[in-house]
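Heads up, the next two complexes both have chain A, just with different partners, chain B and then chain C.
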Partner chain A sequence: MKSIYEYYAKWIREGKLKVSSDWNKERKVKFTIQDPCQIVRKTFGDPIADDLRYVIGKVVGEENIIEMTPNKSNNYCCGGGGGFLQSGFTEARRAYGKVKFDQIMETGADYCITGCHNCHAQVHDIGHHFGGHYSTVHIWTLICLSLGVLGPNERAYLGDDLKDVNVFHPESEH
Partner chain B sequence: MQKKTKLQSNGSVLVVGGGLGGIRAALDLAEARKDVILVDKAPCIGGLMTQLDRTFPTNNCDLCTVAPFTAKDSRGGHLDMRGLTTVTAVKGKEGNFTVSLMTAPRFVNVEKCTACGECQRKYPECVSFAPGLDPRAPTCMRYPKATPYAYVIDMAKCADKEGLKQCCPVGAIETDALPKVEEAQCGSIILAAGAALFDPSHLDYFGYAAQPDVVTSLEYERILSASGPTGGKLLRPSNGQPPKKVAWIQCVGSRGLQKGAGAYCSSACCMFALKEAMVTRERFDSEIETTIFYMDMRAFGKDYEKYLNRAKEQYGVRLVHSRPHDVLRPVGMDKLQILYTVDEAPKHITEEFDMVVLSTGFKMNEDVKKLAEDLAVELYADGFPKTDCFNAVATSVPGVYVCGTLQGGKDIPETMTQASAASCLAGAKVAVTPRPKAELPAVTPECAGSPRVGVLVTLCDHESTALDTTALVEYAKSIPHVVCAAAFEAACDPSSFDAVKAAILANGVNRVVVAGSSPRYELEKYQAMLAPVGINKYLIEVANIREQAAWVHAGEPAAANAKAKQLVAMAVAGVMAAKPLADHVVPANKNALVVGGGVTGMTAALELAGQGAKVCLVEKTAELGGVARNLVKTIEGGDVQALIADLVEKTTSHPNIKVFTATEIVDHSGQVGLFRTGLSVNGAYKEIEHGATILATGATPNQPQAFLLGENSRVCTQLDLQKVVNEQPKEVKKWKNVVMIQCVGSRDADNPNCSRLCCQSSIKNALAILKENPNARIFVLYRDLRTYGRFEEYYQKARELGVIFVRYSVDNPPKVEAAGHYANVTFTDVIMGRQVVVSADCVGLSTGFVASRKSNEALAKVFGLPLTDDGYFAEMHVKLRPVDMDKAGFFVAGCAHSPKVIAENLTQARAAASRAMTVLANDTLVQEAKFAHVDRARCAACLVCVRACPFDVPQITVDDKGLGRSYIDPVKCHGCGTCAAECPAKAIQLNQFEDVQILSSLDQLLAKVNA
Partner chain C sequence: MTANIVSITGGKQSAFIDKVKEILPQGGNLNLCLTCGACASGCPATGLADMDPRKFLRMCAMGMDEEVTTTPWVWMCTMCMRCIYVCPMEINIPQLVFNARAAWPRENRPKGIRDSCDMAMRTETNSAMGTAPDDFKFVVEDVLAEYQEAQPEFADMQAPIDKEGAYFFLNQNSREPNTEPDELVPLWKILHLAGADWTYGSKGWAAENYCLFLADNKCWEHVTRVSAKQADDLGCKVFLNTE
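What follows is the complex of A and B.
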């Protein structure tokens, strides 16, 4: 069993995935990274977190990453896993997620990148609920953005600042 | 008979692995006069225990009580020990294996090497052993007291072969040595090669790979050890400073918690963490805060609960019920942070520590796994061998046995028990090899010549830090008649004995004082070691300066040193007054008595009978089978009733076994090899003679007055519950709620110990109920869930099936009340933080066992044996001699030792049989000269001795002058000394303890007072 992060990193190193962070050179949009528990802490450890960072660095520019503390294998749980997102107990889930929210807010980043759908839903929800200023975006979305293949209808989770960047076939919006 | 000859055709047993288990197995076989080949891939024997600092529960090392007996001349030539040797191929089957052995070159001639260490000094990259904290280098002695006592070279890492060769002053280095390949025939094989330890490097959240102050338990042991990388100082690897706060995290690599972890519980880690915490505070600094983060404190062994209480109450070790999720070292911070939560408060706690110890469990060793696969031994998915549910040491391949941590994680006593059990079964397959007996040394006139005393100080520096060995040696030299005194460091290493022997010969020593540990362990060892240099065994005196000075005055070095000097001076005075004595040889009785006809007693009897011993099996009740008659199945599904039926059939039909039911033991006399025991068989007296005795008298199911037991029909014990599930499945199908309560009548003031078997038995019953009635809701209320070893997997299965486990604290126990048709159980759920009431159709109480105190006390009195505080029989050494008893020739097995499950009882039965065979293998018996003798000229035939003797030995006989005088038969005398103390005319003296010896010692002690 392997993680897609490992392949993204490998394909970028091999030049098969021609990503670029040029789009963010001037903009300097800041990103922080949510390390998913299942993939990092529980399964592959720090090496996969490093792969994820390598990919993100290539996509948004290393200088635009702001790390959470603690991170990688020691990252805090988002609070949405284990069926919590579907099970009801919304108040309890959000209370649990407050730790994550504070951690993200402390970075001051504009975006929190998540690599797992579950984290994405929770991080997005707590950001909204607690009135955070950040947007939540999947790594896949940013890879596509940097490749210039992200269509106009695939930008629901991007903030207004990135809605018009590198739009692929803008005519397909309608 | 034909079968026996066939199986006993090949003369050797191969023991793979020279750790503690392998040593024990090999020694048992050699002592039972069977040939053994002991191989280990390491250059020297000792295994994991040699790397530990100390062991629980005594918190000392004690390797010296086992290892010296592997000396090549000590086992009558039955033991062939080979280091650096691996098994490369195995052919054939039980009774006739052909094994290929490859011995790697040591590049050092062991015969020539004096272990001077010159090669190590010249090649400074050469280091002594310290796993994980020091790299291994070309010349490597694994631990300071290695056996054999010689260096070994890894030639692949050596750049300057010629230089290395030249540096050795005795020319022991052989740079061009080649591997040696041999074939050996053997009848059976014991795999005792141990286990690997879980490597937590990949668990980044614990920071082990990145943080020097996060260490594994074994590394922490090495840091504590005097032979470790810090020379016995407790220092943080990151900065060399002593730590102020140390934390332990339990279950790393066990209980299926982390990636790569086994699903099983490793069984030993709770205890070693407690030990490390206690030793940290006891030996280094009582100000160091020690915290253990645990899931369940599994102190399930004999008296381990008391050890746990001692850790908490006496040593102030802090126990936190939590699984910490992170170990961090924030940038710029010197300390580590542990992040965790606790049951009581759902909040995030961050606490700082200087060091974090990961209690890493056991896992299968890959090399061993390969060997097991070559032997076609069936393995579990985790690599450990599958063993029979009633025979934990038998693999799927006949003739191949396992023991120790290779069989599954465990501690030292259980390793020793399994090792003896494996040697029992393996030894049954090979013949006894007769060897000519060595003549007893003659008592020469020089023995009694003018006293020339040698004093040997044999303290381990790391065991007796309070004592100044050098000063003690200097003091000993100043005592009159002491001609030589020396410190002798490697008391656990047989090879280093040569230096001592040489010193004794060079100085013409004829009397020896050994200043070391208890004479119980030391005396026999030194008697055997010094006999070849002509020291009469009765001219050796032991001064126990370890227990009596270093340990009892651990915090007061001045007092300890002063007392040690006095003890040595007293011993010198005593040995000067001692007389040389001669032992004599008498024929030994080769029969055995087994007391107790439960599954343990029957198994022990059958193993002995199978090896040719005649056995008397005595059972108090009218029927064989014992408490196991109440059991249906084991947790693994083993049919207990079928086992009993099979054992009863074999026992009653075996030509070598005589069964006495409805029989009690009424009297007992004699000594090992020559016991006489009186039986009351259905009220009629009968006397039997035997050479060894096994006690397998079991224990009593507890029936405490608690939780309406015996008052409410809904409340029963787990034993009753099992019967109901088996016999009334229709009733079980109606049940909606079942509550089980653990630790009822165990771990409390009346019965302080854990009954060990109740956690698995409640899970066994829970699974059985769910099989009949999958809709039943089952609650298990527990304090610590002690499903050690593979029982853990059943615990996990029960949780998967929906059994609800709720922890209760001893201050807030559940309540049971009658409520019409139901029994209402009220308890507090810690996680929900509220009280829960369950209307239960059935309340199963895990009541465990208590010692059969009354009958044990009666037996202990007849046999003269010690009991523990809670009434179980006490073994000789809780760590290293778990089935031997203080009285030679007596062995204990099963629940008479402490409560345990059937498979463990049967293992102990086989272990006891193995130990008993080491006694019964002897045709003759050396009768010690320690008996009372009468000076007939002084005797007035007053009959005081006749009345005082507890064994009815003295008789008034008529001598050739027609005078009636007391006579004490040396063969019958126990050497207890009662008559010598009572005799009003001082006509009786006890050899080895004559008045003059004792008075000389006392005079020495009181010399200043008298003056």
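What follows is the complex of A and C.
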């Protein structure tokens, strides 16, 4: 059993994925990273968090990553895990998520990259609920953006600042 | 941080903590608490339902079984394991929480989690949204054909289901095929460009396992075994977790 992060990193190191952060050289869009508890602390530890950072650095530019503190194996859970999203305790879930929301806001990042669906749904929800201005995005979206192969219909989670950047086959929009 | 003073009735009412100790290596170190509070101070669930990890552990140690097996807090703790990570004695509080969940009568556990588990148990795909094998196949093939045509650079891209001997067995959260199928595509493109030899399974492709969150041991083991068996039956080498 492996995490796909390990392979994203491997494929970039081997030159199979020719990613580039040039698209963000001038724009300087800032990203922070939510380390998924399940993948990092609970399963693979800091090495997988480092792989994730290697990938993100290559894709958006290392200088455009703003870390939360604490992070990696010591990160705070966002509150999307353990079934919380489906538990019906919505108010408690958002109160829990306020810790993460404040952390993200403190970075001032335009985007929070989430590695799992529970994190994605929770970070997205608390952003809206508490009035944050960040977007919540999957790493696969950014990898394809940096490869120049992200089409117009694969941008649901990009903010307006990146909706029109390097659009692959713009005529295919539906 | 907590409003009510804990009152002890004296003597152990029963032995919830002892049962949990029996199933954990080194008894989960459940007797070793120094009451330092590192767990509670770094826990986002501290204060919810008038509870925190240290208080929960102390109440377990004092034999307050009725209280710890009925507090809704166990559904507000995500079992993220930060408490055991920072604990100087590595006390397995998350396993106490899991087993406290399991102590709830199944019909009283949160309906949303229970329904998601039950849904997964009704289909061999494991999908908590109930996606049947044929529906998944239809969505994957339909989306793939659309992109092969609209983006000719990816005319050769594949999204195989049950490909014998593929190196990677890929799982996928139900959300993409069910509610946002275009989100499947970036992942397929990455795999295609990297030259990865991969497959979904018609059985067990769904990545989520709400039966685990429900603390239903029999069901979560079933769900896990369906996925593992499909990967084995196809002769895949690596179970590749996409989330």
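The definition used in the following text is that the second predicted complex is superposed on the first by the 174 of 174 C-alpha atoms of A that agree within 3 Å, B and C clash if a C-alpha of one lies under 4 Å from a C-alpha of the other, contacts with A are read in each partner's own complex, and residues count from 1 in each chain.
Convention: a residue touches a chain if its C-beta (ideal position, glycine included) is under 8 Å from a C-beta of that chain, and two chains touch if they have at least 3 such contacts.
All of these numbers come straight from a predicted model, not from anything done at the bench.
In the overlay built on the shared chain, the residue A:N74 is in contact with chain B and with chain C.
A count of residues in chain A touched by chain B and by chain C gives the higher number to C. By the touch criterion stated above, A:V99 is placed in contact with chain B and with chain C alike. Residue contacts after overlaying the shared chain place A:Y7 against chain C, while chain B stays out of touching range.
When the two structures are aligned on the shared chain, A:D46 is found in touch with chain B, with no touch to chain C. With the contact threshold set out at the top, residues 41-42, 73-74, 99 of chain A are in contact with chain B in one structure and with chain C in the other. By the touch criterion given at the top, residues 202-205, 207, 259, 326, 328, 330, 339, 348 of chain B touch chain A in their complex. Contact residues on chain A toward chain C in their complex (touch as defined above): 1-4, 7-8, 11, 16-17, 36-37, 39, 41-42, 73-77, 79-84, 86-89, 92-93, 95-100, 115-117, 138, 140-141, 143-144, 147, 149-151, 153-154, 156, 168-169, 172.
Those residues of chain C lying in contact with chain A across their complex are 42, 44-45, 48-49, 72, 75-82, 85-86, 110-113, 115-116, 147, 150-151, 153-154, 173, 175, 180, 182-183, 185-187, 189-190, 193-196, 207-208, 210, 213-214, 238-243.
Of all the residues in chain A, the ones that touch chain B in their complex are 41-43, 45-46, 69-70, 72-74, 99.
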